[in-house]
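In structure tokens below, several structures.
Two complexes follow with subunit A in common, the first pairing it with subunit B and the second with subunit C.
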Partner chain A sequence: MRAVLEPALRRYGAPLTVTLLVMSAAWVLLMIALPQLLMVDYSLRPMLPPSKLGGPEDVHTLRNYGTLWSNAIHLGIFLKTVWGSALVTAVTLALSYPMAFYLAQVAPKRKLPTLVLMLVVPFWINEILRTFAWYIILAYNGPLNALLVGLGVWAEPVRLLGGDGGVIAGMVYVYVLFMVLPIYNAIETLDRHQIEAAHDLGAGWIAIHRRIVVPHAKPGIAVGCIMTFMLAAGSYAVPALLGGPQSRWFTEIIYNWFFEGGNWNQGAAYAFILLVLCVGFILLMMRLFRVGLTDIAR
Partner chain B sequence: MSRDVALDRVTMRFGAITAVRDVSLTIGAGEFFSFLGPSGCGKTTILRMISGFMEPTSGAIRIGGQDMRGIGPNKRPTALIFQNLALFPLMTVGENIGFGLEVRGVPKVERHSAVQRLLDLVALPDAADKRVTELSGGQRQRVAIARALAVEPSVLLLDEPLSALDLKLRQHMRAELRAIQRRTGVTFIYITHDQGEALTMSDRIAVMNHGVIEQVGDGASIYDHPDTAFVAAFVGEANRFAGTVAEVADGIAALDTPVGRLLGRNPRGLRPGDRAVLFVRPERMREDGAENALAARVSHCDFEGAFVTAVLETADGVRLQVHTPHRGGALPFPPESAARVGFCAGDAVVLPPGDAA
Partner chain C sequence: MSTPDRTPIQHIAKAFTRRLLLKGAAAAGSVAAVGPWMLREGHAASGSVRVFSWAGYISPDMLADFTAKTGVKATLTEYGTNDELLNQLKATGGAGFDVIHPTVDRVPNYVEAELVQPLDESKVKWDGCIASAVGGSAGMGGVVGGKRYFAPADWGTEALAYDQTKAPLKYGEAGYGDLWKPEYAGKVTVRGHSGLIGIALWLESQGKLPHPVRDQFKDEAKARANFDAILKVAAASKRSVGQFWTNENEAQGAFRTNGCVIGQTWDSTAVALRKENLPVRFVAPKEGALAWMEGFAIPKKAENVENAYAWINWFYTPQAGALYTNHSGISSTSKGAEAHLSDLNKQFFADAYPGDALTKLWWWPIQEAWYVSIRNEYQDRFLAA
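Let's look at the complex of A and B:
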């Protein structure tokens, strides 16, 4: 704290420093902390008609959180969301790691700008449109079915939309950059001589990746996994567009509580359960990859 | 077991650049062999071809008689010590040294004893559990050597491994490297642009320039009998006089230079009328005017303890260096005085101009 304050005091003087501090604190308090606290409060009260607000039934209770455990369908969707997000994260990692390695260590330096641009350009289009592209690709009469039928993989078109497969493929596509970039950044800092030294000492490609590249890229992999998992778990557009009634996502349930059921209290409780899940995932990743917050913030 | 390394008409091109041109030589088993040359002359390229990171554009490399084409770095009986060492920073010293054995599937217990043996060899017996970052430059150097020796290579390749160290440590490590080489009997191929390093450590030296081997030989023959102007100028110091050959007789050439006619050995068989340069080492210059006498003025004279270095200038503005051993008494070349110096024809060599460095 002192380390931050002293240079600021020297640089801006006391009045300006105090003003800046007060303004940042006000921002954090009013725009971030307060609304969240209100939501916490909502989630801990039962939904009551306006006439009973402040009455004897308006007490703090954990009942809203309990709903999830008593509702088998919701619990099933919650668990599927956890499992699905983990799967999206794993598939995205499996696709991104080779890409990131290629970009960072193999691709000729002069081709790099083009390659990175090709990777980034799709992300200038917003998530809904990107998802919609997959809606078209995966359609019953769409190009993918036509291609696979043409190649003789399938005898006749297959329903690709409306199931978990479509949702997961769509999410992998929509979030892949959030995995590639942190891993690329990490691998990029690896001295190529380290790889060569390992190779020279007799290591094959698997050993080089297992002992040299992956350990070096760990913080990047952790960041990529955390981002992808949180984006996937909190995704609304992709399951709404590419999924169907059988492949609902937990965010859709939360949405329904808020805007269709009109039960904000219940919705808030579900939203916090999702938040706790994500925080839990972050901690798990940090454990798994043995990285600290400072490594991640790097 | 050490093996010999043969380069047979090896050429390496990168697009329009020819980094190594038609190099042929054989490095004997158990030899300490150095490549010496200025920056960019293709030394690293040769080493990377021997270790298998690059395939030559043309020509063949044989180790122990076996053609290495198509054999990757992980399958060659060589180990490379990189210019920046490339130790693995996320591993301990012990893990670094044991890495080559680990990837070969050597069990942990055996690995431990091998690592300890190597740590003893490089005089770091207690370093196994240290982090690489905790070590000094010289200690890292030794870890790199131990790591390379762990895989029991037949040929150890070293790319300017001492260039990052300070002078004292560098001199110490020279002796150490030489001792390790003798103890292990492994063929060492050493790269450097530091002639002192090459001369003190090597059995033989190849002097390179612009991708070409100019001369191969032991230190004394390269120093005393340079084949080319580049070698004469690059290895050690030399006074030089450019001119035209006037006459030749009995292996001696007379060269007409701006300071007069000078005599020197003529190993390349130059003929009258050829342009040439005469080289003579500063320590072969004498205070009395011998066969080749020159009148000059002393510009300055540095006392360096064991010897005295004087810089002289002739009337035509040619600078001369003279090293003389200090034997007590008054210093020989008082500044601003006139002096007569000279050298024997046998101590000088006349060579075609080439591209003298």
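Let's look at the complex of A and C:
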């Protein structure tokens, strides 16, 4: 604490430091801690009509958390969401790493702005609209089916929406930038000479990536994976628009508790379980890649 | 949810209301109280009303007509399902809107959750509404605990929509079972929970349901016994479903872009597609079309209550009712609206309910909160089957 405060006091002076601290604390408390606490409180109470609130039935219970373990359908969807999000993360990583490496080390500097612009332009459009674009492309009467039927690949349109394929393709497209940019940032700081030296000493491309580029890019890869996994696990629009009953996401179950079942307390418990899952995944990734919090904040 | 415009006039109007409330008891009967009261009325007539209604129901023309006739500015927000409306309102404790548009069988949910206020029946011009709708709605959920919360606005059905070139149907022969014929496999669209009721009516007509369908809305054990039998058939037929729908847009999309040729949809879905010259038609099944009634209710914390009544009373004119039906394809309960209907809507109605279809309508029973959660549970199992 002292180590943080002293330089800040020296640099900004007491009034500004206090102001900054108070503002950050207010942000963390009001915008992050309080809503989460409210949700936890909700999740620990049974659903009751207003007339019974504060009555003898209004007690704290873990029943809402138990529901997930006793409901085989929801548990299956929960595990599938974890697996699906991991798959999305892996596919996004496989796609993004070469892109990021090309941008950071191979692409000529004067081409860089154009290339980055091409990556960023789709993100000027809202995520929901981008997902709707995929909905139209993949639709039964959509352009992709029309093209494939026209080329004679299929005799009759195929239902591309409503399965896992559409959902995963949609998510990879929507989240690719969150993977490319952190990895690009990490690889960019790698001195080219290291790669050249390794090359001169006879290392093949695989060895260069495995022993030099990937270890250097680890924090970027970890940040990219964490962001992609969390966005994928918490995504609602993509599975709702591009998926079907067989590819339901856990977020859709949470939405369903709130907006169809009308049981907010149950929904809050499910949402909290998803939050715990995400935090667990982050810790696991950090452990796996042996990165600390300070590496990520760099 | 949109935030309402906070014009200075509204602030003044609100201030008057509060002052009036404070003085209310003390100054009852005093001549001085007449002043603010009159002023408040004056502001109300030129104020605004915030309407929360179904997506695709209220057209910009209707809003303009309402403003032209009453001088009140109406802002519209839309929702896609009854539960979306209920839970949006729950989030604010019944604030944010002046008029809502629930289905009559769900009104007891709002009363239980303390989200709506009883209507002041003396302020509603009931003469403008079909008498049987007003009377009938009382037993369907519109009156709870002796108090009326609901002013009927429209009624419609959920029945069979079909592509007349690829899946022609005929009234009298067509039933809910037609959806699950092998030739339509992969090209059917239904809504999870009401699709189950369609199967229930089909099974009931063959004598294969443990209890009458109506009984499952009253008794939890019977509901579960019936749903177990329904789910068995539904799960076996699920392969047929090309797309599930939950709201109007999705139901239209199933036919328009997703290759479905038959489905159990709302009448409004079929009207909208027919207006686009798609070969989609709509007919009541022989077991009876699922009929619902919707109407207006006033949320507990509505800020412009007088304007909410102005909205209801404007709706109870033949012109407004016809504007509504011509736009949405849903029959309004405004008296005399039928004289102003477009030819397409007249033809649609005649095609949908030939012969004895209107006498066979199957009105949704009241759906209480316990029933909705069982319904949701079985819908989940149907979707996951």
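Criterion: the second predicted complex is superposed on the first by the 256 of 298 C-alpha atoms of A that agree within 3 Å, B and C clash if a C-alpha of one lies under 4 Å from a C-alpha of the other, contacts with A are read in each partner's own complex, and residues count from 1 in each chain.
In the analysis below, a contact is a pair of C-beta atoms (placed from the backbone, for glycine too) under 8 Å apart; a residue touches a chain by one contact, two chains touch by 3 or more.
A quick note: this is a predicted structure, and the numbers were derived from the prediction, not measured.
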{"item": "Side-by-side fit of subunit B and subunit C on subunit A, or clash", "value": "fit"}
{"item": "Touching partner for A:143 - first (subunit B), second (subunit C), both, neither", "value": "neither"}
{"item": "Touched partner set for A:202, first subunit B, second subunit C, both or neither", "value": "first"}
{"item": "Contacts of A:248 with subunit B and subunit C, given as first, second, both or neither", "value": "second"}
{"item": "Touched partner set for A:292, first subunit B, second subunit C, both or neither", "value": "neither"}
{"item": "First (subunit B), second (subunit C), both or neither touched by A:280", "value": "neither"}
{"item": "Subunit C versus subunit B, contacts on subunit A by residue", "value": "C"}
{"item": "Touched partner set for A:258, first subunit B, second subunit C, both or neither", "value": "second"}
{"item": "Touched partner set for A:76, first subunit B, second subunit C, both or neither", "value": "second"}
{"item": "C-alpha centroid angle, subunit C to subunit B via subunit A, nearest 10°", "value": "150"}
{"item": "Overlay on shared chain A, then closest C-alpha pair between subunit B and subunit C (Å)", "value": "50"}
{"item": "Contact residues common to both interfaces of subunit A (with subunit B and with subunit C)", "value": "none"}
{"item": "Subunit A residues within the subunit C interface of the complex", "value": "49-51, 73-74, 76-77, 136, 139-142, 157, 159, 161-162, 244-245, 248, 256, 258-264"}
{"item": "Subunit A - residues contacting subunit B, complex", "value": "191, 193-194, 196-204, 207, 211-212, 215-216"}
{"item": "In the complex with subunit A, residue positions of subunit B that touch it", "value": "51-53, 72-75, 78-80, 82, 84, 86-88, 90, 99-100, 102-104, 147-148, 150-151"}
{"item": "Residues of subunit C touching subunit A in the complex", "value": "81, 83-84, 86-87, 90, 109, 112-114, 186, 241-244, 256-259, 369, 372-373, 376, 379-381, 383-384"}
